[in-house]
Each structure stands twice: as C-alpha cells, then as structure tokens.
C-alpha cells in the first residue's frame, strides 16, 4: 500500500511543501527513514536529526518548517498527524473468522460467526462474543462474560465470570479481569474473606496492558470508562471507577472504591489509596502517592530527587528532624525580633 | 436461600431491633439495597446514606443505633457481622468433581476423586492434589507439587515443582509460585546464576493474588505462614518468610531472605529490602520503603505529600541542601547565644 | 554425584585446608549443612553460624580463615566460588527432546530435533526454535519469533510475533515479550493508538523474571543486551535499550525510549522516566525515581526514611514549607550579619 504525498495532505488536511507526487509506503524515525518513508519532527530539539534524515517526507510543526528543505507536511500537531498516517499505512491485521478445533466452547455460549477464536481457548457457559472479536490462544472466558464488537483479547488472558467488555477494546496478554477483590474483615487475629459479588464493567475503546489485573467489585461493580488506556502491570482494586479517556501508565496501583475522573493521567508507579475521589483533568507525575481527594485540576508530584547515596543519606536523616528545625528557626526569629 | 432477621440475630449473636420476621435474601450497599437486602453502617460518616437506604435491615454499630428507625442488627463490629452474613448468603460455588478430558495428568500423579480439574490443566509426575481441590483451566503443576484439601487454584496459574500449598487456600489467576529466585554471583563483568535449590511452602487459609509471584528458596525454602493474605502483583523473593495472618496489599515487593512477623500489614507498593527482620504487629502505609530491621510494633510511614508540581519542585530541590541548612541554623543559633 | 574436596580445590583453583579426601555431595547454608555438604562464609558477621556449622567443608575468605578449624577452601570471593561449586553439583535438568502431541506447531515453523516442547504449546508460522531449547507447557510463540540455542521458556509464557531471543536465556513463567507499546497521540479528548511496528530483540545469557513484560518498539526495536538479568514483575516499555550485564530487580518500571548503560544495577521498585540516558556502571537503591540523565557512574538514592506515622506526618507536612524555610533562614542570616 502506498500513497502520494498529496493524497496524505488532502486526506488529513495538511499543508504540503515539496513534491506532491512523492510516494510514501511506510513510517520511520528520522534516523532510520529511507526512500518511501515519512517521519515527523515536533520541535527544535530534533533539528540535527531532521537535517540528516533520508526520509522521503517529514511531518513538521510550522515553527520549524523553514529549517527543512525536503518534502514536508505541515501540522500544528505533527505527532497526531504522524499517528493518523501510521494507522493508514499499517492497518490492523485481523485473524480469519472461526473457532480453532482445540478450543473448548460451551454449548450454551455464543460466538459470532465473524469472530476468531484461537487455539486452546476455554469459553464457559453463556459467554457472549460479538462480531469481529479476536480471542487469543490460551485465553479463558468465565460464565456470562460478554465481549463487545471488534474487541481483541491477546494470549493467555483470563476474563472471569460476568465481566463485561465494550466494543473495540484491546486486552493484552496475561491480563486478569474480574479476579476477586482483596476484601477481608478482621476476626480476632485472622482475616475473614468477604464474598466479592460485583463484576467488572469495561467501556468501549479501552486498552488494558499485559499482566494488568482488575478486580471485580465487592458490592457493586468496578467500572472502567470509555477510551481509558491502561498500561502493563497495573493493579485496579475492587469498586474502583475510572472516568473516560483517563490514561494510566505501567506499575500503577489503585486501591479499592476510589473514583478517578475523566481525562486524568497517572504516570508510572503512581499509587492511589482507597476510598478517595480524583477530579477530572488531574495529572500525576511518576511515583506520586495520592493519599487524599484531589478537587482541583492540575499537575501534581511527590517524591525526592535522587542524589549520590552518601549525600542523600545525610539529607534523608535530617528529614526526621525537619519539624524540630522549623521550631528552632521560629525561636531564632523571635529572639532576633 | 433466605433467612429471617431473627435467625441471623441468633446465629451471629447480634441484638435485634425491629421486625424479627423480616426476610433477608442478599447483601447490598446502603445505596443499592432494596427489599430483602441487608446492609451495614459502621459510623457517623455514612448517616446520610443510612437515612436514605431502602434495605430491609441494616447492621449498625450501637453508637448510631438511635439514628435509624428501620430494622437493625446491632454489632460492635458491623463490618465483621456483615462479612459473616454475606458468607452465609453467598456460599462458595464449587465445580463438580472430576478431571476434564482435555487435561493431562501424569500416570504417577494423584488427584483425589472429590477434586475438580478443569480444561487444559497440566499435572506432572508425583503431584498430589487433595480432596475438595479445584484446579482452574490452563493451570500447570510441576513435579512433586502438593496441594492441600479444599484449596482452589484459579485460571492459568503456574505452580512449579515441589511447591507445597496448605489447606483451604485460594491462588488467583496468573500467579506464579516456585519460580527460580533472582540469585547471581558476580564473575568479572558478568552475573553467574546460582542454582535455586529450595522450594515454596505455603500454609493453610492463604490467599495469593492474581499475577503475584513467589520465588523458590536458594538454599532452604520460602515460607508463607497460615492465614496470610496477599493481593495482586506482589513479588516475594527467595527465602522470604512471612508470619501468620499478615496481609500484603497489591504491588508490594519483598527482597530475598527477609523475615516478616505475624499480623503485620503492608499497604500497596511498600518495598522491603533483603535480609532484614520485621517484628510482629508492624504496619506500614502505602509506598513505604523498609530499609532496616523493625523491632517495635507500630504504624510506620515514609514518603512526601503530593503538591502542585511547580511548588513541589522548589521544595524537592531544597531537600538536597537540607543537611547544609541544619548546619547553617546551628551556626546562627551559636552566634545568637 | 560427589567430589573430593581436593578435586574442587583443583578445579576452581582454591587453596585447601584440612582433609583433601573429604567427600562433598551438596551445598547448604551454614545452619542447615550436614555430612557431605559444603557451605560458605564471607565475613565476620556470620562467625557464630560458622562456629556451629556441621558442614563437611566451608568456603572461606582468607580474612576469617584462622577462625575455623574444619575443612575449608579459601577464596577471595567465597560467594562466587560457592556459586561455581553449586552449579557443578546441581547441573540443570533438561527435559527430553521432542514435541508433546498436545502442542500445536505450524507446518511452516521450525523446531530443532534436540529441542523439547511441552504440553499445550502454540507455535505459529515461521517460528524458529534452535537446538537444545526447552519450551514450557502452555507457552505461546507468535509468527516469526526466533529462539536461540539452549534457551529455556518456562510455563505460560507469551512471546509475540517477531521477537528475537538469543542463546542460553531463561524466560520465566508468565512473562510477556513483544506486547504492544503504550503509544497514543492526543486527538481532542481521546487517545489515538499509534501502531507499534518494532519488535523486541534479546541478547544471549539473558534472564527474564516471572510475569515480567517487555513491549515491542514503536519505530525501531526494544533492545535487551547480553547477560542482562531481569527479575519478576518488571515493566520495560517500547524502545528501551538495556546495556550488557545490567541487573534489574523486581517491580522496576522503565518508560519508553530510555537507554540504560552496561553493568548497571537497579534495585527493587526503581522507576525510570522516558527518553533519558543512564551511563554505564550506575547503581540505584530501591524505589529511586530516575527523572533525568545520569552521566556519572556511581551509587544513587532517593526517598525518605520511614518513621512512626505520627512523627512522619509532622515532618512531611513541613516539607511543603521547605523552600520558605530556606528563605527565612537566609533572611535571618542577613539580619544577623
């Protein structure tokens, strides 16, 4: 599949500079690009790579447009234009419809005739798999699970009973959806498990990363909104609710019954305590511990900047005396006045 | 299955207020409850939900008993009473006994006739699966693994050779037990792997979360005590020992040869270094790094409180000068004296 | 298999003290050792255990050699000597060659006749499995995956299409290699997935831990160097590059396009942001957040030392006023001068 540069310009409403008839087959980075490739450059930091690129064309921000003599498409958001062109040139490859004979499908389950079920899949009673779905080898779908149209489950995924997944989602390999929540009551010295009676409900256009776990609700459900994107090795506890279009990076842990708003971003290893609310459009940098409600949109951080271990240890030791230091300084101020 | 409110009161030794003959079928939250449901309310923070509830009965702490006009059961620990009633109303559903024909069981393995083995399970030589066990689809049990009575393995679990699991445990989907420990000796610039010759021994009534990993010992074994509850995506390294009834929340990592006492709680994302000891009844809030022995029971924390990123960065930058600041203040104090 | 102490001394070039004809069958810890066992002791901290050991022989550092009356081998690096002897006494047990009939191997895949493929393995088109490989039960290998000689995949691993794994590697159970990277462009309020067109390339002698995930590159590849050792539950994002002989402990997360040098060590729960470079021989203690380039070899740390929660909270609250405190102290200094 190839496109003329002019076709790409028209299709994505981009201004063209250079040869309209340049032929584009593929996307590549500025360094790796060659004949037939289109690349992109967002800002001045990559000008040296831009200068040396052998790409047939480059998507550029208008601000750096003058710096480049080759073929270009101009966009206020070169990253987005690049994503759109990369998707056009690399359409998803879907597996052919049909159920592999090694898979075990319960007689009372429904698998749409256009869906693809790979090797060694287990599909229990009353599961419903809609048109265009793709279920990867070794996956398990428990009773009453519902998978919406065009959703893809990669390999060795585990979808527990009653889980509802919307349309056009992708669930990556090894994820576990609908496992029992971590709910116990204290009984003398022991922990008494509380039945986890809810389920997991996942919206449309959701991405779940590899080996990520999402627990079913205790009472009521765990809710993942439309367009939510979740990276690998994320833990989402029972009865958490995540608003539409929120993005959660790898190794994040979210404790039970916490509500996260829409369009939030949680960077890697962020931790969120249980039973709090985070408003829409709140953003958190990596490793931030979120210990209480967030009510104002904004960008939040926590943590210490690394330093050489010996000097760090001196400062970290002092931290334990920080409150005392404040009192000492207050006293000094008073004396001086 | 339904119970009269008076039956529940008698069975769990709770004081009844209201109609003894009220019929209870199910548990629900205060907001979602309707006819036939029992809910619970622990303290004043939920009084508004209590007021509006349509539950047939509510389990209440005596302190808030006067605030509610409907049917109630009184308990000093409403959460525990609720857990007990929820368990009564929602008994575990166990799969029927028998080995699915797609599973591959070694001729020298033993599976008790009352155990259930689901689809595509692999059971190697000399594995011993006791009465009442349930082994989920796609699970693997390596040579000489021993699974105690009534223990449940969910789907796609991996139990490596020689692992011993006690009675009445639940191991959630995707967990890996008995993988090789991360042990290497430095040889010039390289890492030479050290054979991991121990195994994992898990007590009774233990819960292991989804995609959690527990490594086998190098010399000697990794030990998980009775009643230990472990959440999802937890890592437990070789030769760790965890005392009875300790609870470990999601995304915790525990390094090698560390001993953790009884009845401890480690909140989400806590990290524990290798070769230390933590006493009984020690509790740690989320993300705390435990870098040395803990010898006194108590509640421990570490970390920074989040703030808006711009102000955080100013404070975090100052942290590197904290030790200097202490010296400066000491000098100021001396001069002033 | 047993060896005379003199044979071990000769083979590993160690000085012998005591009976050359002592017979050694196995390795054990100082506490657990008995007849036929060899143990090791690196330094003075373990002298009391050394005194009480029933080991037939002990590997000792010359510094503590005088403190022990029994049979001994002397080494400047007793841990390494122990590792070598442990490996000699415990050779890897490999499964017999051949493909289990329950596995599904594509007609156009190649599996070397000396390789072992266990139960329920799926091997897709054009996969190439070299001599001496061992593929564990329930594993999946996608199209065009290449596995080098003597490499072992444990159980329920997922190796996505085009992944290249070198010689003599071990990939532990539940790991997912070559999953799609977490790459999206912002399009109004939504996230538009960007095709992930690269692959994962893993060198020789690499260890990947249980349930670890390594994403394929977006453009270009994710690269894991020779001799790299990665523990359990680690996340490595798209286009990360890791230099030879670097060791990464459990629960570490590394964000996209970051380059890590050779011989680095990242302790547990370390987090690394995207698009940075870390030089060779840089070491990081547990939970350190690495937010910018590291250009100088050394040992780095971050984080707060734990304390009792009540006192921690006072200090942590003060942290938000730290920058103000510096200004206050500066003003006090000025006044005093």
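Note that the chains take the letters A, B and C in the order they are written out, and that residue 1 is the start of every chain.
Quick note on the criterion: contacts are C-beta pairs under 8 Å (C-beta built on N, C-alpha and C of every residue); 3 or more make two chains touch, one makes a residue touch a chain.
The shown structure was predicted, so the numbers you read here are calculated from the model rather than taken from an experiment.
Q: Quick check on the contact network: minimum steps from chain B to chain C?
A: So the least number of steps between the two chains is 1.
Q: At the place where copies chain A and chain C touch, is the share of residue numbers found on both sides over half (same) or under half (different)?
A: different
Q: Just the number, please: Cα centre separation of chain A and chain C in whole Å.
A: Averaging C-alpha atoms per chain gives centres 26 Å apart.
Q: Using the touch definition from the top, which residues of chain C touch two or more other chains?
A: 120, 138, 156, 174, 211, 233, 251, 269, 287, 303-305, 307, 317, 319, 321-322, 325, 329, 332, 336
Q: How about chain A: which of its residues touch chain B in the complex?
A: Against chain B, chain A makes touches at 104, 120, 122, 138, 140, 142, 156, 158, 160, 174, 176, 179-180, 182, 184-187, 189-195, 197, 211, 213, 215, 219-220, 233, 235, 237, 251, 253, 255, 269, 271, 273, 284-285, 287-291, 298-305, 307, 311, 314-315, 317-319, 321-322, 325, 328-329, 332, 335-336.
Q: In their complex, what parts of chain B are in touch with chain A?
A: Residue list for chain B touching chain A: 27-29, 32, 77, 79-80, 82-84, 86-87, 90, 102, 118-120, 136-138, 154-156, 170, 172-174, 205, 207, 209-211, 227, 229, 231-233, 244-245, 247, 249-251, 262-263, 267-269, 286-287, 303-309, 312-313, 316-317, 319-323, 325-326, 329, 332-333, 336.
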